Amino acid sequence: MNSNLQPNFNYVLLSHHHIPNVQEIEVYEQAEGYSAFKKSLSLTPDFIKEEVKASGLRGRGGAGFPTGIKWGFFSKDREAKKYLLCNADESEPGTFKDRFLVEKNPHLLIEGMLISAWALGTQKGYIYIRGEFYHQAKILEKAITQAYQKGYLGKNILGKDFSFDLYVHRGAGAYICGEETGMISSLEGKKGQPKLKPPFPAIKGYRGYPTMVNNVESLAAVPWIISFGAARYRQWGTEKSPGTKLFSISGDVKKAGVIEVPLGTPLKNIIEDHCGGMREAPLKAVIPGGSSAPILTAEQAYKVKMDYEDVASYGSMLGSGAIIVLDQTRSIAEILKWTLEFYHHESCGQCTPCREGTGWMEKIAKRRPSVEKTSTPEEVMDLLNRVAQNMRGQTICALAAAAAMPTQGILKAFPEEMKAYFGNLKS
Amino acid sequence: MLLNKDLYQHHGYLKGLYLALKITLINLLRNLFKKERLTLNYPEEKYQYSDRFKGLHILTIKEDGSLRCTSCMLCATNCPAQCIHIVASNHDDPSVEKAPVSFEIELLRCVFCGFCAEACPVDAIRLGGEYELAGHFERDWIVDQHFLAYRKSLNEGKGVLSVVEDKNRMKLKL
Amino acid sequence: MSDIKKEKKIVTFKWNDQEIQAEEGSNLLKAALDHGIEVAHYCYHPGLSVSGVCRMCMVEQIGDKAPPRPYPSCNATVSEGIHVRNDTPKVTSAVQSTLEFHLVNHPLDCTICDQAGECKLQEYYMEHGAYDSSMVDKKVHKEKVQDIGRNVMLDAERCILCSRCVRFTAEITKTHELGILNRGDHAEITAIEPLKNDYAANVVDICPVGALTSKDFRFNQRVWFLEDLETTCLGCVTGCSVKISQNHNGAFRVRPREDQEVNGYWMCDEGREIYKHLSSLGRLQFPLKNNSGLFIPTESEQFLSTLPRPMAIILSTHLTVEEYEAIFHLIPEDQVYFYRLPEEGPEFDSLLKRSDKNANRLGLEKSYYKAYNNVLNWTTKDCSLAGAKEKLNSVKSCFIVVPEFLPHFIKAKNNFENFLHSLPKECLKIALAYDDLFQGINHCDYLLPVPTFAEKDGTFFNFKEQARTLKKGIVYSQQAQSVPDYLALITKTTNNSKGFSHAAQ
C-alpha cells in the first residue's frame, strides 16, 4: 500500500491533506474516511457528547467556548426540529485556515457534521460559507453530492433511523454574517444583522428552532476525537487548552501558510521553525488572533505561548489563530487606520455605539490638523481610547468590542509611535 | 431754608448753611469757569454710547443677502414683553429649509432688555446703537423684517453681516 | 389592544430603591415606565416589537445570579425578586456615552426642526449628557427634506435609526413601505415606496427625533407654545382617544392618546384633520341672517322669538349625550329628526377605522330611548332618506344642526347640500353651524354659531358602548351657544316647556 495515500493521524485536522484527490469520496474512504462516522452510529449520542466534553475541545471560531459544554445546553428532544449550522464565513482578517481545510478535505467537515448531527439530533444542516469562497463552495457542494450518492446523507443513513440533510449556503460579503445570530439572520433571508441575545440560538435560533452553530475547525476535529478518544486528544496542548489548532500565519515571514500545532506552542517556535523566520527586517509586532486581537510587541511575542490562557495573560486573545507578523518596516499607525477602516465598513449599523463609534474612530485616526486645530497628540489618543472603551460591552454583538480592542491595544503597546504619528500629521 | 438740626445747633445758621452747601458751591464755581461743559448741545452734539448699548434691533443677513434668521422662535419665547411675532415657512433651498416669512416686533412693547439677542443661537438679531425712535403714529412702531434688516442706516440698506455662516455651522463648538 | 385578560402571576421586583409589582414575564422596561420611573430609551415602544438597538435603557442587575455586565431592560422580563439599578456609575456612564454616540453625526438642526421642545435627544442631553462635544470631524451627510407621501417628511440625516417606523409599517399596517438601506453609519431610513396606508401619520408621532415630521404641521408653531387638550375623535364610531395641541392662536395638530380599550397607541390619518375647523377663519363669531345671498350679523333672541310654527329640528349624530338629553327634554318626539351620515369605506378596515361615521349614534339611541321610551326608528327619523323628508313638508321653521367634520366626508358633503335644497322653500331654515364653509349654506336663512366638539364638555358612546369624554378646550368663538341653549331661549320666550308645538303667546 502506498503510504502516501494513508492518513497521518499525528494530525487531527490535516491528517489527509497530503493525499492527492482526497476531495473525491472514494479516495477519502480508502484512507479510512467516514470510519469515525460509522463507529459513532454504534455509540449513543450521549456518549459522543460526553467524549467531546471530556476532550476539552474549545470553539475554534474565536470565542474559545468549550464545545462539549455548548452542546450540553442543547435540547435533547430528538423529535423536535433542530438545526446544525457550520460557520464557514471566515471573514476575520488574517484567517484562512477554514478555507484551507475545506478546499483540500471537504469530507472531513461533512463527516464531522454527520457525527455532530447524530449526537445532537439535528435533522438539517447548513454550511454557511462566505461569498468570496466561490471555488471552495463548489468543492463542498460536489463533496456533498458524492456523500448523498454513497448514502452518507439523506434519509435513513447507512440503514439507521437517522436522517440528515446538508446544504451549502453562500454569503454575500459581510463580516457580520460570521457572527452566529448574524449568520442565522442571513440564512433566514433577512438582512444579516445580529439578533438580541437572550434568546440564545441553542434555544431559539434559525426560524425559531433550536440551532447549534459551530466553526468548521471545531466540527472537523470531532471525527478524530471519536476515532481515538478524548484522552489521546488531551496528549497535546495544555490542561485548559487541549488539542491542536490550525494557525494561519501571514506577514513578514519567509514561509507563510497554515500549520497545525498543539496548543501551547511558543510563538517563537512557530515563527522561526515552522515559518522559517523573519524575511528581512527584525520583528516589530505580532497580531496573534486575527485583527480583533490586541497587538503584541516583539518582546511579548517572543515570550508568549499560543494557547487561550497565555495569550490572554498578555492582554490579547488567541481568537481564530490568525497570526499576522509585522517587521520593523511596518507602520503601526497604518495598521491602526486599516483596522478601523475595516470595522467601519463592516459594521451592520443596527446599534448606535458600534455604528457611530466605528465611523468616528476611523475619522479620528485619519485626522488631518486644520489651521485651527488645537488638540495635542495626547488628547487625540485619549479621545480614541475613550471612544473605544465606550463601545465595549454596550452592543448587540461583539463587533464593537472587536474594533475597540485592537485600537486600545495599539495605543497601549506603541504609545510613542502613535504620539509621533498624531503629532506629525501634515495638513 | 431748613437746616439739619445738628448743623444748626453746633455751628449756627450761616456757618451751617455754608458747610451744607460747600460742595455744591465749589462745583458751581468750577463749572461756571470751565471751558468744557457737561451739557451736550443735542442734536448738534450726540453722546457716544458704547458698543454694548441696547438700541433698535438689527436683523443680520447672510452672505447672499437673505435673512440670517431661521425662525426658531427662541427670541419670541424669551422675550419678557412678548413683542416678537414670527411666521415661519418652507424655503425652496433644502440646505436652508426654514425661513421667516414675517418677522415683526412691536417696538412700543419692547423693553430693550436684549434677551432676544442672548437667546438667538445664530446671531440673527442684535440690539444696535440707534435710539432716536420718536414718531407720531402707533402703527409706525410695528416694524417688519424689511425695516429691521434693510433700513438705510444699516450699510445704506445692504444690511449687517452675521458672524454665523452655515458652512461653518457644523464645526462650531456650542 | 387585546380584550382577553390572561391570569398572570403578579410578582415583586426592585428598580433602584423602588419596589414594583408587575406581571411575571412582562417587559421589564415597560413595567418600570408604567410605574413612573424615567428610563432613557429611544427604540422601545410598547405597541411594537422589541428591537434593542438604541442601547440606552441599560440596567445593572444586583445579586448573585446577575449577568456580568449591564444589559438593556427592554429585552428583559420581570421575574420574582430581581433587583436592577440604572443609577450605578457603570450605567450612568454607559447612558452618557451612548447618547454621545447618537449625537456624533446628528446635524445641528434644532433651530429648524419641528421636534424641538419634544425631542428625546434634547431631553436626554439635558438630563444625562451635558458634556462638551469632542466631535470636530466631518459629520456623515444624508438626504434631507424628502416628501415620502401621506403628509410625512423624511430627513434621513436626523434619523437615529431606532427602527420604530420600520417596525410600525411592518407590524401594524403590514405595508412595509419603510426600510433601512446600506449598513454602518451610512445606513439610512428610506421609503421603499411612498407611504400609502391610512395610518401613515403615526410614524411622525413615534419618531423620537425630527426625522419624520408632519407636512401638515410643518413650521406652524413651536411645541412649547402649545397645550394638549385630551379629548376623543368623533370621526367615526370607533372614537379613538386623541389630544389636540392648541393655544389662543388656534389648533395645530391632533395626536393619539393611549387607550388600550379602543385604539391602543394609534389613530387613522382621517382623524388627523379634525383640528382644522376649530380655529379656521370661517368660524361663525355671531348669528348671521341671509340677506339675498349676503350674510349679515343679526340678533338671535329677536328672530328666535318670532319663528313661525310648526317647528322641527334635524339633529346631527355628533352631539354629546348631555346635549341630546337636554334637547329631548325640551322638544316632543314628533318634532325631532336626524341627519344620518352615509357609510363610507369598508365596514372595518381591520385596524381602527369603521364605515359608520355617526360617532355618537349609540349614545343618541340610548338618550332617545331614555327620553321618549321608544326605540329610535331610523327609517322614519333619518332625513337623508326620502321617507322622513316627506314629514317635513308641513313644517314652517326648521333647525338644522350641521354635522361636524362635514368637509371630510366625501359622500356626505354633496348629500347634505342636496338635502338642504330639497327642504320646502317656505320653510325657514336655521342652521346651527360652527363655520360658514359647508356646502348648501345659501339655502339657509339664518346661521347660529355653535361650539365645536373641542369647546364643550360631554360624553359620548363609542362602538363598544363605552363612555368616552369630550373636554372643553380653548373657545374660538365667543358667542357660540350650544344647541340646547338656543332651544331653551325659544321655550323661554314662549313660557312653555314644550314651546315648539305651541304658537307664541
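So that you can tell them apart, the chains are marked A, B and C in the order they are listed, and the count of residues begins at 1 in each.
Quick note on the criterion: a residue touches a chain if its C-beta (ideal position, glycine included) is under 8 Å from a C-beta of that chain, and two chains touch if they have at least 3 such contacts.
Note that this is a predicted model, so its numbers are computed, not measured.
The chain with its Cα centre farthest from the Cα centre of subunit A is B.
Taking the mean of each chain's C-alpha atoms as its centre, the chain lying closest to the overall protein C-alpha centroid is C. In terms of their C-alpha centroids, the spacing between subunit B and subunit C amounts to 46 Å. Each chain gets a centre from the mean of its Cα atoms; for subunit A and subunit B, those two points are 71 Å apart. Annotation: 55 Å between the Cα-based centres of subunit A and subunit C.
Residue numbers of subunit C whose C-beta contacts span two or more other chains: 136, 138. Within the complex, the subunit C residues that touch subunit A are 50, 52-55, 58, 69-70, 72, 75, 93-94, 97-98, 100-102, 104-105, 134-138, 140, 160-161, 180, 182-187. Of all residues in subunit B, those touching subunit C in their complex are 70-74, 77, 88-90, 94, 97-98, 121-122, 169-174.
Those residues of subunit C that touch subunit B in the complex are listed here as 107-108, 110-112, 116, 132-133, 136, 138-139, 144-145, 218-220, 222, 224-225.
By the touch rule above, subunit A contacts subunit C in their complex via residues 174, 176, 191, 196, 198, 344-353, 355-360, 363-364, 367, 373, 375, 383, 390-391, 393-396.
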